[in-house]
Each structure stands twice: as structure tokens, then as C-alpha cells.
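Below, chain A partners chain B and then partners chain C, in two separate complexes.
Coming up: the complex of A and B.
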């Protein structure tokens, strides 16, 4: 590697670094314009809506993780054990959220469940159900992928037969044998779900949910410096989630996790 | 799973995969029902709606109306923005990944970059749009600098949106292409050099053809990624920019003359474009995997 080309690669890296860094710096500088220093952060974190929406989104995220794991793990396990012929079809379904982006998904959900036999969108509870359902759907691609790769690494057949000969039922096999073996995959999937759900805007807005994403947007329209503070906090939350993924996912096979459009 | 547990008594030996199909399919019913109810059915609703006029008669009129100037230009703008950010983000992302993997930069920069890319590729939506407003908007940090260079950048413009999309596009490219670059074996280069190939020839005849399916596939994925984005565009432009996702937003809100069929057709047109790009991506990805072990 000669000196000139190394210099060129350094240049590429520096441009990339500036692209990452400058918007964050701009946001930080803007948040610091409110006097006294850091008052934008104080004002925002004192706003009861900040905590309320953040907690709401966090709870929705946790529910999404639970529903997603409860659906994906048994299905992927069962397909691997008994129905390998169905695998391409199940995989196809889990990839559909890439084809149907959030804006289309929420459009369809609103029209389907606004009237008809199941008017979920009409009530608060129903809308919460729709929100968790929509986020669960969004989690399918990376959740299924993570679980499927995790299952490939363990001997599902032998584990199942061993558990059965010890008298375990299906639920017990799943909860006490399969899930602990998928710990790493499930944790990365869970943190990625949190990173996406906390701060998601499109679906939460159209379902009129008091979530964190719509709150940031509302703040952006009404306040001067506080939105900058919240944006940075939100960036920090994404960073924490990603940090936890690389912490727990060390040595996991699939580190790359692709999420649909936002 | 409860349905499945009643079929095989606990303790019974597991059947061999593929054998005794019987009632085993019941095990996937919960997942399939969920996907049907919250993914397929809503999309089917939009599809049937797009094929009906206001009286419920079957028609293709809604699709014909997509050629109206306002809607056609929304598609054109979406395609343009997605193309520019996919190609731009693809090229720059590849260079960046190559720089830290094979460009002779210190090893720790590679790990730092990968972590940062994981964060940045997920830092989309409202906070990203706000960050760009604070940086390039009316009173942004870099605005005086850009003005002094004689450039005026309207934060509501396509260019500003493209700059914002780039923030998650090229990190995604880095994340996906890094394994492919890692897969370029040293022996291939050495073999080429032993036969007297120049660096250019190695790239032209060995490395580039091997990387091409990955590069092309990922660029197409980036296209879909930008095409489907709504939150970033909505927040950055205040909902004024005329792209497909924003046009659909107006349809959902009912901000436009009430003609639901056109909204459904808009949505389905988008699904078709997404399906083609994701389909092309998975085909190319499969081709790319031939070279990995």
C-alpha cells in the first residue's frame, strides 16, 4: 500500500466521519443556544409528556418483543423440526414487511379495522393492539432471521428428543430448552426492536397514539431549543440499544440487521 | 403451540422431518393467522379498493389516474431521490468500508465505524430530520459556511432530503458490503499478481466481478429503503414535499378531494416498486453468496 493511496483512504474516512458528526454537532450547538447552558435538556426532561410518551413507547416496545418472540420462536422451531418444506413460504411471509413499508401498512390497517366486524381503530385499547401488531409485523424480518440462524447452530432434533425422553411437553421444551439456547439471537432482536419502536413516527401518528416519535415531532413544531435536546437524547437511546446488541451479540453469526424504511 | 401439543403426546418420539406431514402444519397456524390479519388482509384491502370505483364497480381507472401530473411527479421525485441516494450512498459506503477494511487504516477505526454505522442506519425519522434542520436549516450550524461558499440550500428541497437520507443510506451500505469485502481472499490477489496482473487488472477481472452482485443488490436495497421512507421526509419538509409517501400521507389524512380509489392505487403502485426492488435484491444476494465458502 503506497503512501498516496493510504492518504486517499484516510480522506474517505474523514469525510464519512464529518458526515456522521456534523449533524450531531449542529444539534448539540443548537440545544446550547438556550440560556442558561443545558436548560433545554432540563426543560424537556421536566415536561411530564416527555416521560409519559417515552414510557408508553417503551412498554409498547416490550409488548412487541414478547408477541414477536411468542410467534416467531415456536414457528421457526416447528418448521425446522417438522415442516422443512414450508420454510421458503414462512421466510417469504417474514420478508413481506420490506415490500410493505410502514406507511402502507398503517394505511391498510386503518381502512381494514376502522369499520367492519372488528373496529379496533375506534377505541384506545384497539389502537394499542393495532400498534403492537404493526410493530410485531415490522420485527418479522430480523427476528425470524435471528431465530433461524440461532436454530441452525443447535441440534434441534436431538435436543427435542432428549427433552421428550425426559418427559418434557412442547411448552417446556420451548421455554426451558430452545429459548435459552437462542438467548443471544433473541437479545439482539429485542434491542433492535426497542431501537425502532421507541421513536417510530409513521404508524404511531396515524393510530393517534401518545408515543415518543409523535411527541418529538410535536415539540419540533412548537419549541425552539427543546427539540434539539430530545433529538440528541433519542440518538443516545439508539446508541445504547446498538451498544447492547454488540455487547450481547459478540460472536453471533449475523451482526448485520437490516430494518425497513422510515 | 397448544394446538400442536394435543397432536403428539408428550414423550412420543419426534417424527423425521418431512415425513408424516399429517396435522403438523397446525403448528404454524398462529403465525400464519397473525400475518394474515395484520399484514396480508390490510394489503388486500388496499388492492381491492384500488380496483374499484366509488360505486364498487371493478375498474382500472384509479391506476390510469396515477398519470395525472401531480401524482406522476410524486413518483418521479421519489424515484429520483431514491436513485440518487442509493447510488451515492452505495458508492460512498463501499469506499468507506473498503478504506477501513483494506485501506491500511488502524484496526480500531474499523470497529468504531461498524458500531457507528449500526447506530446511524437506525437513526432515521423525526430526530434525523430535526438534526439536519439544526445543521443546514435557516439558523443551522453550517448554514453561514455554506452561504459564504455561494450555495443556497433550501431545507424543504429535494437536495436537502437527499442529504438527510444519505445519513442512513451509506452506513447501511457499509454494514452489508463489509462481509463481502472481507470475503475477497488474499490468495486471489496473490494468484493474480503471480500471473503478472496489475492492480487495475485484478480489480477489473477478479474483485469487481465477484463483488458486483453484492454491490448491485445492496444498491437496490438502498433504493427501496429510501423509497419507503416517510417520517424523515414528512418532518424535514413539514409535509410539503411531493413524493409518494407524502402523497399517501395526504390521502390517509383526507387532505385531498375524497377519492379513496386513487389513494389505494398510489399505495399499490408503491408496493409494486418495492416488490420489484426487494425481489431483485434477494436474487442478487443469492448469486453473491456463491463466492462465500
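Coming up: the complex of A and C.
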């Protein structure tokens, strides 16, 4: 019985492994068809647009993470501390990006900000602001859940009251007591946000931003092997980011919160 | 003028009244305990002193200043929680120094004070540990040091020992008392453990269902309970109903058997029912005392140094507990044996008219 269940476990593991890695292998094999070997990769790294768009998306990702954390942490904290009855509603609101497709979001943004008192879509800077704002909304489900789970792991009320009785004000409580204890949650929320931002296509395209998502798609329209190479490289970068997170998280005692992705 | 003064405090949460007409005046340096069963409003009252709850009515004053409307971080009140509530991201030294850093004290002053406090709580070598590397007892000491670091005007402790095991609990409670005495800090200590309250306090506030039942020294509360609730909650007192037979001479009839109280009954006329109480340790097996009751042994329990014998009185309805010191030469009666128990008239406390509910009922409900 025990041996049988162990066998079954291995079977599941192998199937899962194949399901995950076969497409990668296929992509890799495909990218190798360009002659000479690895030439697809060389073209990609030689193309200045690759680095430019990737860096652009990376900067947008970091800004998105900062804005998202600045909005979500105080909100989730306050809801847990003082308005626990609002939690289901807040959770519902943060889940809206799963229900509303990005295309609707971006058209809404364009309609609202093309004219009127705030014609942001008209300028480069304004469009960047709109992009970060839209991505912040997209990050809500991940960031809110990560932060909320992190808050559940600490005794928010007692820690807050202990700080207050020692004379601390709200800003100090958030910065010195709450946020340091959310490190792992914030890292996992940040990582997911970065992953979405780097791959996002629809919103970046309609706002005409020089982002990585549109670049890959453009490449796919013109070339055969290079998009495969770029996919693998971005996949590799993803894993490096994950490694960084687990490295950061090692010191912390809170478990890494794996947040449900789409 | 008392140092800590609570006047006419009320607290309502929607429909529930958590605290009703709470009045207390504690002197500087006094150790006051709030004692009562779970849900009686102890924590709520403490949190109003700390500023975490606003009273629905009434005022809180410290050193003559009304602080009722002051924010918790403007009060200079130290708080120790049952759950320790140490900052997990900070070392022991970081935790203890937190309040001083908030007060913008220079680094070397903070370091010096932290060292002092860690010596006070007997953990001088743990400064660089994180809370999760300490035992529960050590964590609670650090929490105490953290609260004391800011030299608070009042120290508040909410069941600080409830999460610890029995041995540590006794050690730590003696340490808390010793530190409190040496610093002379005004302290309010919340507990549901009567032994803790009796052993620590200068005065005990016994609470039930949001009300104060009695305020008094441990001696007064234990020996002269004001109500049947206090009688049964503070110690396992025998609380029962008796009929007044001769009020002037203190003659009563309990369970059909006559007994005498040392003092005349003033609170009820002849023929009325009253509540009487006597402590298990005031009773003895045999015929030594002036009051004698006949009954049958129900069961015998060893409680370490004490043996508790529960006796059914003749009618069978009333059970009386008798405590005697454990002694190898003691002949313990068997369950079912016919016995006589006796006690002096001084042991009989006549309380108010028949109890609506005893503490046991309340505890059972809670």
C-alpha cells in the first residue's frame, strides 16, 4: 500500500514535471533551429530595443510596486485593525481586475483622460502615469492577498497597541513595526506584480508605450526563432527574481506566501 | 487625591454593557488587581485606562489630570499583554529600547537604559536574541522591561501569566511583584486567577458582569466577602441557603439542622432565607466545633498539601466541602461513610438574601 502510494506520487510528479518542462524544451529546440546555433539569442541581445523595452518595463514594474504597496498596505492594515466587517467588500474590489478585461480598463482610461480636466493620454509623461496607474490596479488582487495573508500571520492589534502605549504614532507603527513583519508577503506580491507588468501587452499597446510585452509580440510578427529565445530569456529572468525573493525571505520566519495566480 | 482615579466609568458595546459604574481610586505605588470570571469587563476597563477604548461615560484621571480623551500614545502608560506582543522583527534590545527611541533619546542613553532593564529582568545576556528564540516566560519578561523602559506613570498588565505553565507562573509573578515594589510603580493587574490576585495585590477589585462586587485588601476579600459572588469566586467557599431562626442570637437552620453565627443577623428577619458561607478550611471532621452537621461522604480529593472531603448533608441536596491538611496519620473517611462535621460560629458568614446565582453558575455559563 505504502509502496503503491509512493509510486503514484512519483507518477504525478513526473507528469507534472513533463507538463511544465516539455513546452520549454520545445521552445528551446525551436530556437535552436536558426543557423548557426544560438544565433537567435545573439540577434535578440544585439537588438538595442530588447534591452530598452525590458528596462522600461522593469522601471514601470518597480514604480507600480511602490504605488501598489503604498496604497494596499495602509488599507489592508486599517481594514484588519478597525473595519474587519469591510474585509469581504475590499477583497471583492481588489478582485475586480480578474473580472474586467484589460481592454475595457484601457479604453476607460483613454476615454476619461484623453480630454477633460486631466488630458494625461496626450503626453508621454501622462501616458506613463496612466500605465503605472493601470498596472497598479492589475496588481491589486496579488498585492492585497499577499499583504492580507501576511497581516493574518501577525497579531496586528496587539502589536499596534503595544507600539501606541510606547508612544508611537501611525507612520512609525506602519514603517517600523508592520511593514518589516510583512517583508516576505511584500516580496511575493512585488514579484507577481513585476511578472505581470513585464509580460503585459494590451494596456501598453493601447497607450502606445515602448514596453516589453508589445516588443515580443512585434518580434513574433516579423521573425520566427527570436521570440522563442526572448521567451526563454524572460523566463530565466523570472527565475532569477524568484531566487532573489527566497534569498531575501530566508532571514524571515514567516512562510513565503504563495499567492494564487490566474 | 488618588494617583489613578476612575470615576463613574461606563462602557457599552451596542446593546451589551461591558462595564457599569466603575469607581476606583488607587494610590501612587499601589498594586491593584481586577479579579473576575472571563467576560466580566476587566480587559475593557484596563483598555480604557490605556486609551484603547473610550468610556461611554465617566472619567479617567492620572495624577490629577483628566486623560479620558487623550490618545493612547500621549498617555505614558505601560502595557503588558497576555500574548507578549513583542515586535518579531526586533531584537530584545530593540524591543526594550523602542519607547525610548520614540521619545528621541540619544543612542547611548537608550543603550544604557536597555542594559539596566535587562539586568532588572535577569536576562542581561539576551540583548541580541529575537523574540522567537526565547521561551514564553523570557518573552514576557522582555515585554515587561519594554513597558517599564519609558518610566510609565501607570503599569497595566492583562493576564500576563495566563499563557505560561504553572511553575513559571509562580516564579514570574513573584518577580513582577518584587520589581513593582522596588520601582514603586502604580500597577493595575488583570487576572481571573484568585490565587494570583490574592498573592500579588495591595487591593483587589472583584468584578462580575461589568460591576464591582467588592474592593478590598486580599485579607478583607478572602475573609469577609461582601457578596455571595465574591464568597464563591475568591476561594472555593461553601455558599448555601439557610433560614433565620433567631436573628438576635444569630440562630439559623440549614438543611434542617440548627447552626449559630457569631454575630446577630441584621439583614433579614426571622423566618427569612439568607445566604451563608463558610470556608472549607474552617470546617473539620469530628465534633470539635460548636456547630455540628451530619452527613455522608460523597468523595475525597487529594490536592497536594490539602485533602478535600465533600459531604452530602442529611437531606442530600446540599454538599459541603471540608479541607484538612494532608498528613500521613490522617484517617480519611470512605465515600458513603456517615460523618459529623463541625465548625465554630465565627466561621459562618451571613451574606445577602438568597443568591440569584453563585459564581459557579456564572463560570459555568461563561
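Heads up, the rule we're going with is that the second predicted complex is superposed on the first by the 212 of 262 C-alpha atoms of A that agree within 3 Å, B and C clash if a C-alpha of one lies under 4 Å from a C-alpha of the other, contacts with A are read in each partner's own complex, and residues count from 1 in each chain.
By our rule, a contact is a pair of C-beta atoms (placed from the backbone, for glycine too) under 8 Å apart; a residue touches a chain by one contact, two chains touch by 3 or more.
Just so it is clear, the model here is predicted, and its values are computed rather than measured.
Set against each other, chain B and chain C differ in how many residues of chain A they touch, and the higher count belongs to B.
Look at A:169: by the touch rule set out above, it reaches both chain B and chain C. Residue contacts after overlaying the shared chain place A:206 against chain B, while chain C stays out of touching range. Using the contact criterion defined above for the overlaid structures, shared-chain residue A:87 touches neither chain B nor chain C, since it reaches no partner. Contacts of A:181 after superposition: chain C is touched, whereas chain B is not reached. Of the two partner chains, chain B is the only one that A:102 touches; chain C does not reach it.
Applying the stated contact rule after C-alpha superposition, one finds that A:159 touches chain C and leaves chain B untouched. Common to the chain B-facing and chain C-facing surfaces of chain A are residues 161, 164-165, 167-169. Within the complex, the chain B residues that touch chain A are 1, 4-5, 10-15, 17-18, 21, 24-25, 27-28, 30-32, 34-35, 37-43, 45-46, 49, 92, 95-96, 98-100, 103-105, 109, 113-116, 118-136, 139-142, 166-167, 170, 172, 175-176, 178-179, 221, 224-232, 234-235, 245, 248-249, 251-252, 263, 267, 270-271, 274-275, 278, 282. Residues 154-155, 158-159, 161-169, 172, 177, 180-181, 183, 253 of chain A are the ones touching chain C in the complex. Residue ranges on chain C touching chain A, taken from their complex, read 50-52, 71-79, 81, 83, 85-89, 98-99, 102-103, 132, 143, 146-147, 150, 152. Contacts from chain A toward chain B in the complex involve residues 1, 5-6, 8-10, 12-13, 15-16, 19-20, 22-27, 29-30, 71-72, 74-75, 78-86, 90, 93, 95-112, 130, 133-134, 136-137, 140, 157, 160-161, 164-165, 167-171, 174, 192, 195-196, 199-202, 206, 213, 216-217, 220, 227-228, 230-231, 234-235, 238-239, 241-243, 245-246, 255-256, 258-262.
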